Amino acid sequence: MNLRTKDLHHVYAGDIHALKGISLTIAGGRCVLLLGQNGAGKSTLLKHLNGILKPTSGEVLVGETNTKLHDAAFLAQFVALSFQNPDDQISSKSVVEEAMFGPRNLGKQDPEALAREALRMFSLEGDANTHPYDLHPSKRKLLTIASAIAMDTPVVAFDEPTAGFDVTQRCLFGKALERLKERGKTVILVSHDLDYSLQYCDSVILMDHGSVTFHGDKIHLLSRPDLREILRASGLGLPILCRMSKAIGLRTAPSSVEEFVQLLHDNRTI
Amino acid sequence: MAHPIITVEDYSFSYKASNKKALDRLSFSIDEFECCGIIGPSEAGKSTLCYAITSVLPHYFSGGKTEGRVLTAGLDALSTPMDLMMKKVGLLIQSSGVFLSGIKPTVREEIAFSMENLGISRTEIVERIQSVMEELGIESLAERDPLTLSGGEMQRVALACVLALDPQVLILDEPTSSLDGEGVRDLRLILSKLKGKKTILLVEQRMELLPGLIDSLLVLREGKKVYSGHAERFFSSIGSLEEDIGAPIWTQVCYHIASRGNRTAGTLPYTYRQALKALGTIR
Amino acid sequence: MKNVLESFRTSIRKETSGVSIPFIAFGAALNLSLGQIAGLLKLPVYLDSIGTVLVAVLCGPWAAVIAGSVANTIGSITFSPPSVFFIPTVIVIGAFTGIVARHGVFRKWYTALPAGVIQGLLAAAVSAPISAYLFSGITLSGMDFLVMFFRAEGKSILLSTFLQGLIADPLDKAITYTAAWVIVRQLPHRIVIRFPRYENVFPSSD
Amino acid sequence: MRMSSHLLTSKGMRPVHPLTKLYFTVSTVVLCFLLDVTAQVFIACLLLILCVLTRQRRSIFKRFLRYVLPVVILVLLLNVLIYPESEKWISLFGFRVNEVGFHFGLIVSLRLSVMSLSLLLFFVTTPPHLLATAVLMKGASPRIVFVFLHSLQLVTTLRRKIGKIFIAQASRGLDVKGNPFKRVKALFPMLLPLVFSYLSESLERGLALELRGLGIHGPKSYLVELKESGTERVANLLLLLGTSTVILWKLLQWLIR
């Protein structure tokens, strides 16, 4: 299932032109990193994908479904959105019940199985019967991510998923992303944590003040000579691994520690 | 040798109706004007420690069990009333939105809130507000309604509220967790300006932020002290990279190279520059 | 007399300390915000005292009285000014709920619902004279046709207003109490034990 | 909720002290309650003059039309059409109208309108945080005043939060259109996140207030400058004395009768 937007514009009530003619195609089974400063239009774009917001002009197509013709509850079967603040959605008195909320609404066959499987991904199955608010805030955040994954939708989007996570939780989320990609899901990641997210995404969308300044494979972006300028336009600094590889004269820019070590290994032997 | 401003002696605390000890026989001390990083996995007790030092524990968290002693700026943190402790230590909690009082119409009055409660004279309040707004570069926000501020602006106003009391010790509980790239850079700039003028305790998950800012390190896991001492020494010994505590990216790169059996200088690099030098020798 | 006053002061202080202060403010604001949720869901539900009930359960009667009065005052500041005259009703609701909550009424639906009905009767009895004298029974709550009906039957304004209240209020409060029971039943232990009246929700805990 | 107030400035353009305005409002409401129609008409004229003088007259009348007028119309309608206590019917503009009912309706609606106008005049022209500071200076409990001001701010914050909750739940397939049973079922997935998140936030906010010294006893200071001028203090005294004598006189009259 791929996502297409055709000349998508969105103007908020106070004539704030949040999206200025976005035309994108996100192919199925890809992990896309959506980057940009606060207010660049990232979450506005996200809310168009599952029909929460309707385009002022232009169109958004989820597979063959035009989001203008359906409401969010219907489109939720195609696109699961996990929002930044877990406290906006937790409405059950046990972890497993919360994770079953999405699948049950979508009328899935066995919501409990889907929920427990998603919880296992984040080692939350031990807390299945605990009240979400008896957990540490970072575990509540893991729960909302698991709840989105439990909906088993072709497209899953995460808004600032790793804010407040410790090392182990970031690792768990990374493994979950790998698992989703193996299952051919389309994953959309909105994050300020550039160094972390670059490891897992295949392509990158850079946004600045409502328009897309770059959309392409991660490798293309990292190998561009003007990488520093493009990122600065979106208020972002160079990823640390890129700065390091440039400083010691490596040509290509790696996006993960393993890649960097591998590059160093190959370069030395040449 | 600077004298210790914070001393924690065999301190334990468990919250009401909880069988687990949030802090378990903790002992360490922090010298005056030192900048100490506090790291560790989530639920290691980092926030609980901040509460203990600011004397909010145990009376705000009534019903909890306390053992041992905490001395902050010469005061016994377990029994000193808040009006004395506020002038000595300032804590910026993780969610700055909640830290703002939620009753003041402008940022200027928001910064005055703590001083009004302490009964500081009006003229001195006006002076302090002006100086702290200049120091943090937020004069332009003075008449804004705190509800309309962005995440980064809210945090700087919250910091201004704390610094307005001119505390000797400043504690920040995971200040960068909701900031974007630019926000992190601005915060680092402010902290480096405060370094040396105040004792700073920085609870942080982003390891890359610590080198060059902190002098010492306190590492916690499940309420127990794993390490306390110079930051460099903790990350540098090969094979000590803790799975759940992590390290700056450049230290991780050198660790993986070392564990592949390649030659590398004895210790792991701790700062960015050290890492580049070490990687330069390998190339 | 001195120590009675003193015991009032200490119990008020106990119910409005630390955690309770922000929650009482939330309770008051919740009373005024339920209309927005009901509007989103297009439900004719009023539930304008559910905030007061939650505060009564977690913080106690005095806190509930404060929450109710603050909600009423803000209601008259931001919406319809005359509502400030109904503060006596709100005080009765807060006090009654706080006392009833202490007997664990919100732990079972079959105790919450009847308590709601009694509460409705009490509220009707207290607000009838105010509404009759100041508004001759008109409240714009959609129940005014009842007053007109009883007036046409030859009953006095006070009696008509009281009868209208007897029909409308117990139903509304029964729904509010039952909704409160649904919420109380799902509250998190770690947070509730930090409130002054946690035993109203978790009696067996230490 | 920022409404500056420059009503009837006693000295230059400085706004009248909130407490004086509060005493004035309470006095007018109590007098309306106790005195007869002629006094109420006099108070009404005084209030109308004051309303026209203030800068926020438009929002006062808008609020009056929206919230008070409908009740007044219904009160008149009810008593004019249905008034069992008397049989005298007269024709007014071609309608058969109960005479006593009409008089009664007029009295009730006049009293209601004057009291509401006085309250509106006070609420619209007095910024809440100035009133709070004035009351604090007179020794009110900082905690209760905090609850009042914070709740006022929460009314707008909760509105935004409910919007976010609606978006988050709709994105998880919560259907709010459809038969009434489904909509009732959707009530708690909307209400519980609000209660849970603010229950949890109260822990942190209570902690923050503790850290910022709300619970400290001892003298307070105020950034906002709010001083009672001589004339205002005299006005306060007059208003309090005047109203209490009227109350006592009415009480005596009622007891003797």
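Chains: A, B, C and D, in written order; residue numbering restarts at 1 for each.
Basically, a contact is a pair of C-beta atoms (placed from the backbone, for glycine too) under 8 Å apart; a residue touches a chain by one contact, two chains touch by 3 or more.
Since the structure is predicted, the reported quantities are computational estimates derived from the model, not experimental observations.
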Other chains in touch with both chain A and chain B: C, D
Averaging over Cα atoms per chain, report the distance between chain A and chain C in Å. 44
Measure off the straight-line distance from the CA centroid of chain A to the CA centroid of chain D, and report it in whole Å. 47
Residue numbers of chain C (touch at least two other chains): 18, 22, 186-191, 194
Where chain A touches two or more other chains at once, the residues are 92, 132-133
Going through chain B residue by residue, note those that touch at least 2 other chains and give them in order. 60, 102
Which word fits the touch map of the chains here: line, ring, star, complete or other? complete
Help me check something: in the complex, which residues belonging to chain D touch chain B? 2, 127, 129, 132, 142, 146, 149-150, 153-154, 156-157, 201, 204-216, 218-225
How about chain B: which of its residues touch chain A in the complex? 40-43, 94, 150-152, 174, 177-182, 185, 205, 208, 243-246, 249-250, 252-253, 256-257, 260, 272, 275-276, 279-280, 282-283
Chain C partner, complex, touching residues on chain D are 1, 63, 67-68, 70-71, 74-75, 78-79, 82-85, 104-105, 108, 111-112, 115-116, 119-120, 123, 128, 143-144, 146-148, 150-152, 154-155, 157-159, 162, 166, 176, 180, 183-184, 186-188, 190-192, 194-196, 198-203, 205-206, 209-210, 214-215
So in the complex, the part of chain C that touches chain D is made up of which residues? 16-26, 28-30, 32-34, 36-37, 40-43, 45, 54, 66-67, 70-71, 73-74, 76-82, 84-85, 134-138, 140, 144, 147-148, 151-152, 154-156, 179, 182-183, 186-188, 191-192, 194
Quick one: which bits of chain B touch chain D in the complex? Just the residue numbers, please. 51, 54, 56, 60, 81-83, 86, 91, 93, 95, 98-99, 101-105, 108-109, 112-122, 125-126, 129, 145, 147, 161
